[in-house]
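Several structures are given next for inspection.
Next come two complexes, and both contain subunit A; in the first it sits with subunit B, in the second with subunit C.
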Partner chain A sequence: MRKAVITLILILMAMSLTSCYDANEFDDIIHVVAIGIDKGVSDQWRLTIQFPTMKESGGSEQSGSGSGKSQEEYTCVSIDAPSFFAGINMLNTSLPRKLNFMHAQIILFSEELAESGLINEYIAPINRFREIRKTSHVFVVKGKAYDLMKENKPFIGNLLFKSFQLLIKEGAMTGYFPHVTLENFSEGLKSTYHQPIAAIAAVNNGKSFIENGEPSGTEFKTGGEYSAGRIPRTGDNKIEIWGTALFVRDTMVGELDGDETRYLLLARGEFERGFFTIQDPQKPELVISLDIRSSREPEIKVTCDGSKPIIRLNVLLDGDLLAVQSGIDYEKPEHKELLEQAFRQIVKDGIEKLINKCKDLNTDALLFGDYAVKNFLTINDWESYDWNNRFKEADITVNVEFAIRRTGTQAKN
Partner chain B sequence: MITEGKIGVREAIWLVTLAISAKMFFASPSMLVGLVGNTGWYMTLISAVTALAGFMFIYLLLKRFPGRDIMEIFDITLGRVLGFAFSGILAIYLLFKAVTRIAEFNEVIKVYVFPLSPNWLITGIYVICVFTLCILGLESIARFAKLLIYFMLAGFLVVLILSSQNYNPNYLYPILGYGLDKTLLHGVVRSSVYGEVILLAVFAQSLQGLKHIKKEGVIGILLSAVLISLSLLSYILTFPYYTERDITAPMYEMATFIDYGRFLQRVEPIFLFVWITSTLISSTIVTYSFIWIYCRIFRMQDKKPICIAGCILLYAAVLMHKDIETVLDYVQWLRNYGAIFVFILPLVSLATAFIRKKGAKAHA
Partner chain C sequence: MSLLSTVLNLLLYKEPPKYDRFELLEDEPEDKDQKENEDAAQPITEIKTKVKSRTGIFKRTQAKPEQEPEQGQNRDGKVTKKLSTNLEIIKNELNFPTNQDVVIREFKIMQKSDAFIVYIDGMVDKTTINDYILRQLMAPNPSKTAGSGKDLIDCLVNNLLSVNQVTRQTEYGQIIKQVLSGLTALFVEDAGECILIESRGFDKRNVSNPLTETIIKGPHEAFIENLRTNITLVRKIIRNKDLVTELLPTGKTDNTICGIMYIKGIVNPKVVRELKRRIVSIDVDQIQGDGTLDQLIEDHPFSLFPQILSTERPDRTAYFLMEGKAAIICDGTPYASVIPVTFFDMFHTSEDYALRWQYGTFLRIVRMIAACIALFLPGMYVALTLYHHEMIPTELLVSLAKAREHLPFPTIIEILLMEISFELIREAGIRVPGVIGQTLGIIGAIILGQAAVTAGLVSPVLIIVISITGLGSFAIPNFSLAFGVRISRFIFIICGAIAGFYGIAAGIFIFGGLACSLKSFGVPYFSPVAPKTTSGHDTIVRMPPWMQKTRPDFINTSDRTRMGKVVRGWVARDEKETDNDNGR
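Moving on, here comes the complex of A and B:
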């Protein structure tokens, strides 16, 4: 009897290992890649989701090229719904598979939504939803999220997941846009320390790229002064991530271009590396390119003893010489010092301009509040000080330390 | 009278440590942030010191009655009726604790991992495991705990270390949270977090003598304090106070944030292993102690029927809560008043022993 019971239990256990009766196979589920949110017309939300169509892509098909191929592999559907979850259920009635958001990496909010101060209302349900990982990336879209998602196709290779991951990784290598996850953004919305930011995504329709015309003059441009969607470029990939959206609580109040974003990341300690182009200090009509990286976290000291906060910011950078058009020997100590001094001044001016812009918009996007809090012993003291409204009164001193460490593959010009 | 085999010093230490520290995986840290702000990581050290003081009373009581467990000591010091009542109250408290822990586990795992699985199934499978271990007895539970603890500690440390990419030391400020007075008050009141140390008194006859009980209790509390403090510190370094208080299970959330590129992300299954096994051992030993006290106070000769009845009772009670908020209210109640059951009852017994001149010292 005992043996029979044990055998029966073992058989039942073995059967249970074959999975549940209601298990979902991998291809029973639609794995959503991107979620776009706009203000709806027929209802409050316009929810757009992008997912792979899971159409078979045989070897012969893969050898074929062209954008039509990627259109087949990913598709978008949109719906106007009263809520995010109602939208999912409504969409599930027209989709033959269950929507699953476990692999959603991209969350896009339209600029209109961000500026209307309603982003918290839209992000709260997403934040609570267990399927959406807090490590998903948040972007504010210039124009409509719906329009951008229609253009969101894998440009190189077939995988949109991978394309986007690599694109985001590039942010760290250029400094032209911040890396903001759903957790970072949601935390910023509630923060007593600082205000939230988000990267800006846009469709570049190529209008800024003037194919034929007068050649550019000698007017100096850094390359970072453009705003999202207006970079003079052309090509099949229409999507670009560029710049930063500034918020006060849940309202988008401003935008930073590529250069300003770099200075923001420098001050926040989030800048890793980027190529800077500056005017040659001795021949301003020519340029010098530098490979810049943070040597250490910025040193930030904040005191809140007096009537207004006093902030000292010290940014520490290292760089390598990449190109010197003028042929001047900047490897020599006296010239090197001149170049270092010029770059220090450029970064200092850039950060000061950015700080003034943030003060005007009353948004501490630079994370100074994270350091100001050290002046307070209790949360009640800190919250009654109301840092986010006191930041604009702050007296801020910026210092930049910079040294050229290497001169590239040429020791001398 | 039923008897139980002996367990070693290390097994007892790990058993107590696991029983105490399993609660750091649930909603308690979030509730704590709501009460004291970002000071939970050192508030728990105040709780540990208070619990050590409480344990000293338990130890003095056991020392006064060598070779006896707490149920017998209650009978001797307070008389059969009051002793029975004290032991019964302790048993009910432990059952309530086991119920709350499994209910909390059940709710949190439904929120994060198995949203479609019905409560009865999750709880049922869990209670079957608890029942199996209870039937096998204290020795098996202790050895199982010792077997798994190294893997669990390794998993726990891996999660803490990998999470360091998201640590922000500025979140430790304001350093006094909602005020030192609140931190001190809640630190003392919430000493019941370490209340599972009472298990050493419940199973005193299965341990290696008084000297070892003292060592097991002190090391168990200190080890748990280090683990709980480390986990609370890592939570507050990851989540600022204004977001942490809203999170259902900070440890799980923290594990989901680990992202070292495409090759190292989505590592929360490591944490799930730590979470499930530690909760299983923790709730099993607490349930078993209820069964054990019940058998002792009713002078039962066989624990198996009580294991069956106890686990059915456990299963039914776990399913009886209304919603997750109710469970969290129970947890809060246990934290606030638990010290009465685990430290005050033995203290009353000790005081009575002094007054009535009962015990070894009285006869010396």
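Moving on, here comes the complex of A and C:
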């Protein structure tokens, strides 16, 4: 009996040592969805966080009354603070629940912050913070992160998480913006192989969409040459992700538009699929749409023997014919060859133009360094070679292989 | 100081006390084995006499020992030559005439010799007594010159009693027991012994469908409360001369008989000897069916895991016997207990063998998953909601959090509340009289769950968790194991609430350690997984029947193989190829 009592006491003591102190109910915690970081006015940081308000959504529950307008499901708060963690604590004095960043999916930096070369200072605490996932997505915001987050609302359905996840997934299907996680980005900041990139997010206020005016001329546009925030569209969803921010170390040096981003992804081997629109090689006033997939990883060979690195890039693409406005029989082998040739030239020109831009900005966003490093036996050799500064001297040859696999069938009249 | 020493005593490592525990080890050489075989088959009477001399039936059953009529005459418990003495003793022993069940009929054999019969009313078949005992004995029979005493007994047994089973007995202990079990005892003047005449004829239930082990494909017969019928049901399946049934007396007051069945030549004789040793050593007044007996002979009474498998199906019992196990069937219970068993036997049903092996294996895997769900799901849910929010998909997390928004209780209270009410519904459902009980219970569960959600007491997700857990525990085929799982579930809920996944992992570790140290009649509980032995392709995955060539290694059967070298003679290939053939 005595033994049993003592065992019980010991177990209770052991339990009280653990005492469930880590335990949190769902409703004790605010799960932050998005983090926005600007330069502050009153203090160094302007931290904006977005989180669900946990109010019942209009449709899903049996509220009965059928209130036409659902309440705001997400809300934002901002604070100017000396540091990220001070900001969290200061916010918690007004928020009745504990902030938790485990489910934060997007981290937004303002363009101003990125261009002033302060990203490293601002990302270091976030990187070290255990709660933030390394798989959350990093974006550079045109304008202020604070403004964008005010517009960040679930557009379809009522879950912000879902909207963003699907939007990012869709990026892989269009190739208009890269998929960059916190891990990729911070790795790029430190890397001696390449420079970091980030996708650009922007608020489109609909000003580019001119409702009434002169009809467009016959001038050909690919659809990808807009920059972020300027796409001529209108509608409820104000946010768009479009293009790429180029960095040299922690300073943002340039911006790529949609088309350039596609070529960048093609060279990086991250392009999956996308619809391309090109001019009909036989009737330039009409267009042809192609469904392009990368058939294999691009072949990249880098030699660093001579005074400057020599790079050969071979991009391998497959395509399907989607639409031919002119009605020319591109199914026929001789015409097909013509079309393939034209598209090869377009892609080759695009990639070369992109490479020149990167050379001008002195940033190896194309991951050539990852291949160049294979020529070096020791890290010291590689570091003394100083790839990031040698890249601009590189002699780069681009080759594109492309074949139309499926022309589609059409009943002949 | 004494507190300190007690604490130290608890914490410090001490050598476990050494005591003799039965272990089923690899067999010794063949000749010794043979000897043990004979040992096992030793006549049951020897053991019986041993029991009697140890405990003494008279001491226990006799209300007033000082009322013994003629001192010295029945001290040794033998039938005397004098009929009136015998009558007195019988009347005394059976509390006649207070006990009105006892019938004593005095008469004259062939109108000459005095005699009486004694039987228990209701236990006997009256036709037998009227037509084949009394009519035969009382008829004048001039052709037979009957003497008296022994000669008369010989004459009666040989010529007159046309009843199938007649034995002579001089021990009062045995006589009383047999009379109580429905036989008729005939005492004759001047004989010094008694004739026990088989006349059992009490009411019993017919053989019907199994209630707890229903299956779709396979035989639909279940044991009933009658020992003889049960043994016959098994014997009907195994028609083999080596199927041995030994009857052992167990309850010291209610004289329950229990039968041990095994197949000589397949079973390991050590197991039978150990089983008999345990049953014989039991000294209790009453054995209420084999549930009580199981608890008296199992190795680890304090473990949550059942170490004896109980089945109500004769076909399953027969399968186990053929596998080299032994079965215990108690009189008065429609179940057979099988020993030794392993953890994995608890997940088998007789349907597995009736179905094709792919389907049987699938069913077993489903049951394993069900057991895991029943054991861990509520604990995991608590751990996830309290400690591991990062593991929940964000969408689910938000909807869970929204659902929790207006709930007053912490998750642990919620889940305990629902678990307990679920157990309540289940128990009440069984106790409600009538067939609708079960249906009512389940409907009650749904309505209660729904109402609890609408009333804002528990979250809807929790109801799903509880229902799936309930389903999982219903899918475990073994009733005892399902109980163990139901109780262990609460332990895992507490583990999860205290320390999250770490707590559950620690719980699994402790449970695993405890389970691995168990032995069921010398066989490690988790064999053939731990310790690793060959199992004859019948653990979780059941291979095609022709590949199950050997009996499980861990039972150490006398005969290891259960098939010939070429099982399927029509397949024109040699044995090696047959082994590699995985069925098509």
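One rule holds for everything that comes next: the second predicted complex is superposed on the first by the 375 of 413 C-alpha atoms of A that agree within 3 Å, B and C clash if a C-alpha of one lies under 4 Å from a C-alpha of the other, contacts with A are read in each partner's own complex, and residues count from 1 in each chain.
Assume a residue touches a chain if its C-beta (ideal position, glycine included) is under 8 Å from a C-beta of that chain, and two chains touch if they have at least 3 such contacts.
The model shown is predicted, which means the values in this text are computed figures rather than measured ones.
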item: First, second, both or neither for A:N380, with subunit B first and subunit C second; value: first
item: Subunit B versus subunit C as contact partner of A:R97, first or second or both or neither; value: neither
item: Which of subunit B and subunit C A:L159 touches, first, second, both or neither; value: second
item: Subunit B versus subunit C as contact partner of A:Y371, first or second or both or neither; value: first
item: Contacts of A:R293 with subunit B and subunit C, given as first, second, both or neither; value: neither
item: Partner chain(s) touched by A:K357 [first = subunit B, second = subunit C, both, neither]; value: neither
item: Interface residues of subunit A shared between complexes with subunit B and subunit C; value: 22, 133, 162
item: Subunit B-facing residues of subunit A, complex; value: 22, 130, 133-135, 162, 165, 183, 186-187, 190-193, 370-371, 373-374, 376-382
item: For the subunit C and subunit A complex, residues of the former touching the latter; value: 3, 6-7, 9-10, 385-387, 389-390, 394-395, 397-398, 400-402, 404-405, 407, 410-411, 497-500
item: List of subunit B residues in touch with subunit A within their complex; value: 37-38, 111-112, 115-116, 168, 170, 173-179, 239-243, 253, 256-257, 259, 262, 265
item: Partner subunit C, residues of subunit A touching it in the complex; value: 2-3, 6-7, 10, 15, 18, 20, 22-27, 29, 31, 33, 52, 54-57, 100, 102-103, 105, 133, 159, 161-162
